[in-house]
Each structure stands twice: as structure tokens, then as C-alpha cells.
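This structure is in C-alpha cells; I'll ask about it shortly.
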Amino acid sequence: MSDQNLKSRLYEIIFEADTPAGKLFDVSLFVAILISVCLTMLQSVGSIRAAHGGLLFAVNGGFTLLFTIEYGLRLYCAPKPLRYARSFFGVVDLLAVLPFYIGLFIPGTRFLDVVKVLRMLRIFRVLKMAQYVGEADLLKNALIASRRKIGIFLVAVMTIVVIIGSLMYVIEGDANGFSSIPRAVYWAIVTLTTVGYGDIAPSTPIGQALAAVIMIIGYSIIAVPTGIITAELGLSTAQERNARKCDACGHHQHDADAVHCKRCGAALS
Amino acid sequence: MSDQNLKSRLYEIIFEADTPAGKLFDVSLFVAILISVCLTMLQSVGSIRAAHGGLLFAVNGGFTLLFTIEYGLRLYCAPKPLRYARSFFGVVDLLAVLPFYIGLFIPGTRFLDVVKVLRMLRIFRVLKMAQYVGEADLLKNALIASRRKIGIFLVAVMTIVVIIGSLMYVIEGDANGFSSIPRAVYWAIVTLTTVGYGDIAPSTPIGQALAAVIMIIGYSIIAVPTGIITAELGLSTAQERNARKCDACGHHQHDADAVHCKRCGAALS
Amino acid sequence: MSDQNLKSRLYEIIFEADTPAGKLFDVSLFVAILISVCLTMLQSVGSIRAAHGGLLFAVNGGFTLLFTIEYGLRLYCAPKPLRYARSFFGVVDLLAVLPFYIGLFIPGTRFLDVVKVLRMLRIFRVLKMAQYVGEADLLKNALIASRRKIGIFLVAVMTIVVIIGSLMYVIEGDANGFSSIPRAVYWAIVTLTTVGYGDIAPSTPIGQALAAVIMIIGYSIIAVPTGIITAELGLSTAQERNARKCDACGHHQHDADAVHCKRCGAALS
Amino acid sequence: MSDQNLKSRLYEIIFEADTPAGKLFDVSLFVAILISVCLTMLQSVGSIRAAHGGLLFAVNGGFTLLFTIEYGLRLYCAPKPLRYARSFFGVVDLLAVLPFYIGLFIPGTRFLDVVKVLRMLRIFRVLKMAQYVGEADLLKNALIASRRKIGIFLVAVMTIVVIIGSLMYVIEGDANGFSSIPRAVYWAIVTLTTVGYGDIAPSTPIGQALAAVIMIIGYSIIAVPTGIITAELGLSTAQERNARKCDACGHHQHDADAVHCKRCGAALS
């Protein structure tokens, strides 16, 4: 097998998912990522690290070696290696392996924590695989189509949160935990989104009344993003169905399973 | 009455709900399950167990006897007893009675707690009865039809939660309660789903800023499952209404304004 | 004016809202109820009661006298006084005034608290007035039409909550606040509905994992009631528009403002 | 350039966004407002004020000078200066600069806090700019069209919250933190909107049962505003798409499948 043949064969396996070998590679990679992400999570638990730290470090090193080989192969077989290296997933793949090798030479637990988190970035690859499922497109398109409306909604939310946060800073003041406007705005976000930790909570009657107002605002306007996404999803589902036209009478909006025009009875193409 | 007749008569009463006797049996079983579940819940309350422990034990024993007889009858009259015994509800029915008898011989309060919980499984039977109501099918079908979209949504949620949890672990660190990545991911789930216990909460400014981001993400993307389910339910409700049938080819699901069958072209009545 | 005339005139004013006098009466009653409800709320605040208790008591007594007269007039002018007295609003009207008079003779602050709360029932009258607005019917009908689906949803929620609550009782146990099954079920409701007080929170890793599951379930299935209500509201809004039919070609689904049939051009009736 | 020309030129730049200069002015103002709002937020943080208080004061003073000039120019070039001065944004512009000058003469940190919050009002201008995006109209119209339904929903929510709050006041009482009806109603709002701070939480079994009821009510009826907004947004998105116009009578909003104008019956192009 010539070098060019090897490259294109590898490209098929590693970058595509149409062939059986490509699918097998993707599933194996998927499983390897999930295991290595779980191991990294376990590694961060003090008691587990104390008991099985050496084992975890060894297994994680093995996985990192595997992902390094994968990164090398991707660079090797990509038609334009630089373009891959600078793409989002190219950077993610590099960031997920590089820090491990740097960590071998530079000591310091704090730095190792950051390494661990960079390793977690591999999980983005899982998200990429979800794209193979057809429904992912529908959802992505609905989100893209409604991005401007969602953007305006978020600007309105930000304005409400800054105004009410500032008011609460004046009303409640330092004594009740609203020690600065950023902290009061943080409280307003916690309340408007109905998260409600309770680490900061109003204690004056006026503050509680204003808090009740922002709660009811938050409870009501959650309807806005929901309405936006629902309208988009409803339209795209309907469009998918109605995209056929009758040649005889020109009537459109036929279901995907229709063979004859529902108005004139002519056969549909 | 011959043995076979008795069997098929019992089958009608116990497994079906079309005859008056079958309905009466189902309603009685429903009431018995609700009472025994409530008794089991009361039994777990320390003060009530101290005061009325003997009584509750006796009544619960009576109910267990009743459910044991029911299980025996189901085994007796089912055409294929083994198939029933290995079905989901067959296993639930057995698990709900068996531990009581084992508990009589094996002492230990901890074990008895597990027994109680197994007994709670009976409540699944209540869910089965809900299926008799026609609307349950509509809801079940909408959930089944949207299971892949919901699945992709959950994968995306998991990715967000793992990435943000890992970041918070580095930013906040052990001192502020984010002692490991799994714990930080747990916090991210508590926050994204807007539950917000407040047992772990960010205390550094950067951590609070990132927390605000995940809150607003959680507040906005709740629109996605809602949009998916709403679009499905809207379609199935509309389809239900449009269930016209073609006399020529038997095709159903024609729109309310259709004049010709969309499959064979025959005029619709 | 004859006695019968007076009765029917009073009935028009008190029970109906079509005449100017009837509207004026309703608006006055509305304002009086809001003021008396606010006063009752203020009366329950310790510091305000200490400072202005006598004044509040006097004003509230005046309002109660007013509502007593109103109740008497309703009894007098209703065509069937007993039917009114036994209706939901007849009972509310009586319960809202009666305890005040009983309270004058029976001392004890605890009892007075209950009296205050009964007085709050007057606020139901406000809800009754909201019915005059046409949109209230649309909402009420959508809720009534979807009551069975919502019922099945609540049964499913109850089953999930009981099963997960029971599991948490076994997993977390008494030491972590899950002291009984009812308490664990209460925690499960607090978590599933995304309220999340944080007074009871899981502390074992398995408990937190199960809690994460119920949170994501709660975050996802909130889509179900939303989808049900949205589908109903969408249909009723559409039906309102599409209830007109063309006499010439039989085409329906014309907008409310259409003068001609959109298919054949004939004038619509 | 004559005085009138200068005025109309300035008006174009400051009040409109159609010319390149007008757009540049709007974007600059937008950036200046965001920076000054962020600075004001930082100024309220104790540690930052201690370290860089003088610098922040100076920079903020510079921005206030800038906004004062802007306010003066708006007054100068507006065709009806008084009408601008009394408009919502005229008042906001004045309130955002005036207190700074008053603060120079009147000492007292408490007063300065209020000044800071008034300065935050500038953020409303950001909201005004969002209106230039076409989608903002769609959202605004959907909210306006559903304001009566949302109003009725809020009246129903208020009634539920007052009734359940009052009941909890009697059930839980002073000892468990439900010290007055307003406080109990505040708790009911915190719970119904699923915020759930946990600063007040029921501790008696009956109180917890009632709390579970209000949680499930809150979890279910969030579907109502969502359904209302979704139905409105769905209709307005569909209408936007169907905006065909009749050449004969000028009527628009014909469905995609209309052949004749629904108002005058003329054939549509």
C-alpha cells in the first residue's frame, strides 16, 4: 500500500464515520474518552487519590499516550495538517494531551489541577459525535434561527438584573450581605433564574417585596425563550413535512408520506 | 365450573379491566396498594413506630398476605406463568412481598429498611393503571417520539455540566467546598437545573461570575426540552383530530381540508 | 318602588356587572376587599400591631360591618337565598365575617389567628371578578380540557417522587436528615420541582448521584405540563379563528377578519 | 453652516441611527454607557474603592461630563426640547448625571450610594438600542398581545399565594419563622416560583405537606404563561411569513395557500 493510499485510508477511519472501520474507531474513541474523563474525575477525589493514586496516574498516562498517538495520526493523514491543528477540535485535542507531558517536568499540585481540567476538554469530542444523529441538526438550526431573539431576551434580562440589583444594594445595604453592586447583581441573577441558593437573601420588608417582584418576573419571562424555541421547532418540523408541491394544481403542504395531491388528486412526484 | 373455565374467568378478573368484576378488582387493588404504601411510609416515622409499631406491623402483614395471594392467583391463571413471573410487573409483585417473609427470619433494622423500600415498588402498579386512561398513550407516544432529541439535549447538558464543574473546581478550590471534580459537577447540576440548594455556593468573584453564566444557560435552555415536547404534543393532538380514513385504500390521517386521498387519489367522503 | 322591584334592582347591582351601578358596586367591593386584606396582613405583623393595634382593629371592624351588610343584602335579594348561602361564594362570604363576631366573645390569640386567615378568604371574590375579563375563559377552558393529561402527569410525578424518596431514605439514612420516608419524599418533591430549599440535602456520593438524576428528570419533565397547556391554548386560539365556513365551496379555516373565501372568492356570511 | 442646519444635522446623528455618523454615535454611546456602568459597579466594591477610589472617581467624573454634554446637545437639537426633557429617556438622562453634581456639594456616603444607583439607570439606553433589532418588535408585540392573559394569570397566582401563605402562618406559626402573614406570603412566593432560598422553611409535617402542594402547583402552572407566550409567538411568526398583499384592496396577511383576497375577493398574484 502506497503512502498516499495509507493516508486516505487512515483519513476515512479517523475523520469519517461512513465505513465500518470508521464507525468502530469512533465508538472506541467515544468509550476511551468517557473512561478517561471518569478517571480524571475520580483522580480529583482526595480519598481515592490517596488509596489508588499510583494506579490512576498510570492508567491516565496510558490513555494520554493513546490520545497522543491519535493526535499524531490525525496530523499525519489530514490533507491540510495545519488547518486541522488550528481548528477548534485540533486545539482541544492538543490541549487535552500536552499538559500531561509538561506536568511530568513541572511539579506543583495547583498546576496539576489545571492540567486535569484541560484534560476534561476531551468531552467536547463526545458532543461532536452527537452530531451524527440527525435530530441534532434540527435542534442546532432552531437554536441558530432564534439566536437574535434569545440575544435580545438576554439583554433585557441583564438590564432588569442590573437595575434591581442596584436597588437592592441601596435598600438592603452592607449589613444584610448586599455588600457591593456586583454582589447584589449576582443575587438578582440567582433569584431571577429561580436558582435561589439562599447564601444572600433580603431581610428588610421592602427588600423582600422587591425580591418577590423579581421572582415573579423571573417565573413569568422564562416563557419568552421557551416560546421562541418552541415556535422555531414547530416551524422546522412543519416545514420538513410541507416541502412538497403538486405539479398539477400547485398546491403545497403535503405530508411526507403523501403520494397524491390532497386537493386535485394528481400523483405527486 | 371446570378448572380451565376457572382459570380463564380469574384471568379476566385479575389481568383485564373490561368486565365489571375486572374493574372492581383493579379499583380494590389500587386502594389496597395506596393504603399499604401510606402505612409503610408512616412505619418509617420514628415517633409513630414507637407508638403504634405493633399495629402497623400487623396491618402491613395482612396486606402482604393479601398481595401474596394475589401473586399466587396471577401465577395460577396466567396462560404462561413463567412469562408473567419474568415480566417487569411480575418481578415487582414478587419483590414487594418476598422480603417481608425473609425479614421474619433475619433480624436487623437496617435490612428491614431495605424491605420497606422494596415494598414501595408496588406503587408502579398504580402507574400501570393510569395507562387505562386514553390520554396516557398520547403523552407516552410524545415522549417516545422525542426520546432521541431529548437524549441529545441531555448529552449537551452533561458536557456543559462537566466542563463548568471542572472549571469551578480549579477556580474555587477545596477551601470553598469544591473539594473534587465530581462534587463540582454535582454543584453544576444543582445550579443548571435551577434547584440551588445552597450547600455548596461559589464565594470568589470569578466563581460567582461563572455561576451566573451557568444559571442563565440553565434558565434559557430549559426551553429546548419544552419546545421538543410541545412540538410533538401539538402534532399528535392535531393528527388525532385529522383522523379521516379513505374508503378506497384505507389510508387514514388526512388533513381536515383534504378532498382527495393523498395516497390513492380517490375522493374522500 | 315595590318590594319586588327593589329586590330585582338590588340583584342587578350586587350580582351582575352589566349596568353602570353594577360595575360601580363591583369596583367598590374590589377596592374594599383589597384594603381589608392588606389591613389583615399588616395586623399580623407584631411591631405594627403593637403600635397601631387599636386603629387596625377598629378599621377592620368597620370593613367587617360593611361586608356583613353586603352579605345580608345578597341573602335578601337573591331569588333563592338558600342556594346562594350554600354556594361556594356564599360560604366564603359568611366565613369571612362570622369569625369576627365570634372572636368578640371568645378570647385567645391563637383563635384570632385562625379568624384572620378566614378573613383572607375574601380574596376569592377578586378571582371571581377576573372572570369578567374574556381571556379568563380561554385559560380556564384550556386548563379544564387538559385536566386529565395533567392528572396523569401528576400521578407519574408522585410515583417518581415516592420511589426516589424511598431509595434516598435507605441510601442517606437518619444521620443525613432523611429520618423517615415521608421526609425523604418531601425532599424529593422539593428537588424535582427545582425549589431546592437546602434544609435537607444529600451528603453521600451515591445520594448526590441519585439527587442529580432526580434534578435532571425534574428539569426535563417540566416540559410535559408546558407542552400540554401550550397545545391546548394553541388549538383554542386557532379554533377561535377558524370557526367560519364558506357557503359556496365549503372551505373553512378563514381568519376572523376575512370577508371573502380565500379559495373561491365568494363572500363569506 | 446655518444654525438650523447644524441643529438638524445634530438631530440626525444623536436621535437617529440611519446615517453612518448616527450609527457611530450610537455605538460610541453604547460602549461609553457599558464602561461607566461597569465602573460604577466596581466603585461599590469596598476593596477596589479603597485601592483605586480616586482614579475611579476621576474617570466616572469624566464620563458624567460626557453624558452632561450629550444631554445638553439633545436639549439643543430636539425640535421640542421640553417634550424630550419630559420623556422617559429625557428623565433617565437627567437623573443619570444630576446627582453627581449634587453629590459634589453634599457629603455623606449613604447619599452617594443612591447617586450610584441612579447612574445605573443609564442602562435603560442599552435596552432602547436593542429596539433597532427587528426581532425585538416581534417579542414586544407578543408580550403586549398577551398582557391581559398574563395579568389574569398573575391575579390567580397572587390569590393562591395569599391563601396558602395565610394557612402556613396559622399552621407553622411564629416559632418556625412564619412570624407574620406578609412574611408567610413572601415564603409562598419564594416557593411557588421555585426559587426556594431556604431562609424560611416549614418544619411541621402538615406544613411540609402544604408546602409540597404549593411546589407542585408552582411546577405545573408555570406552563400557563409559557403556553400563552408560545401561542402568541407562534401566531406572529406565522403571520410574518404569510404577509402577502392584495393589489386590489391593499389588504395583507393572506395565508400562503390563499388564491383570492379574503377581503375583496380579487385574485392574488
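Things worth noting here:
Letters A, B, C and D mark the chains as written, and numbering starts fresh at 1 in each.
Going forward, contacts are C-beta pairs under 8 Å (C-beta built on N, C-alpha and C of every residue); 3 or more make two chains touch, one makes a residue touch a chain.
Not measured: the values here are computed from a predicted model.
Touch-path distance (fewest steps) from subunit B to subunit D is 1. Here the repeat of A-B among B-D, A-C or B-C is B-C, since over half of its contact pairs match by residue number. When the C-beta contacts at C-D and at A-C are tallied, the pair with the greater total is C-D.
Between the CA-based centres of subunit C and subunit D the separation comes to 28 Å, rounded to the whole angstrom.
Our note on geometry: subunit A versus subunit C, Cα centroid distance of 40 Å, whole angstroms. Residue positions of subunit A touching 2 or more other chains, listed in rising order: 153, 182-183, 194-198, 218, 222, 226, 228, 230, 234. Within the complex, the subunit A residues that touch subunit C are 194-198, 226, 230. On subunit D, the positions that touch subunit C within their shared complex are 148-149, 151-153, 155-156, 159, 162-163, 166-167, 169-170, 173, 179-183, 185, 191, 194-198, 201, 205, 208-209, 211-212, 215-216, 218-220, 222-224, 226-228, 230-231, 234-235, 253-255, 257-267.
Looking at the complex, you find that subunit B touches subunit C at residues 37, 40-42, 44-46, 113-114, 116-117, 120-121, 123-124, 126-127, 130, 133, 135-136, 138-139, 142-143, 150, 153-154, 157, 182-183, 186, 189-190, 192-199, 218, 222, 225-226, 228-230, 232-234, 237-238, 256-257.
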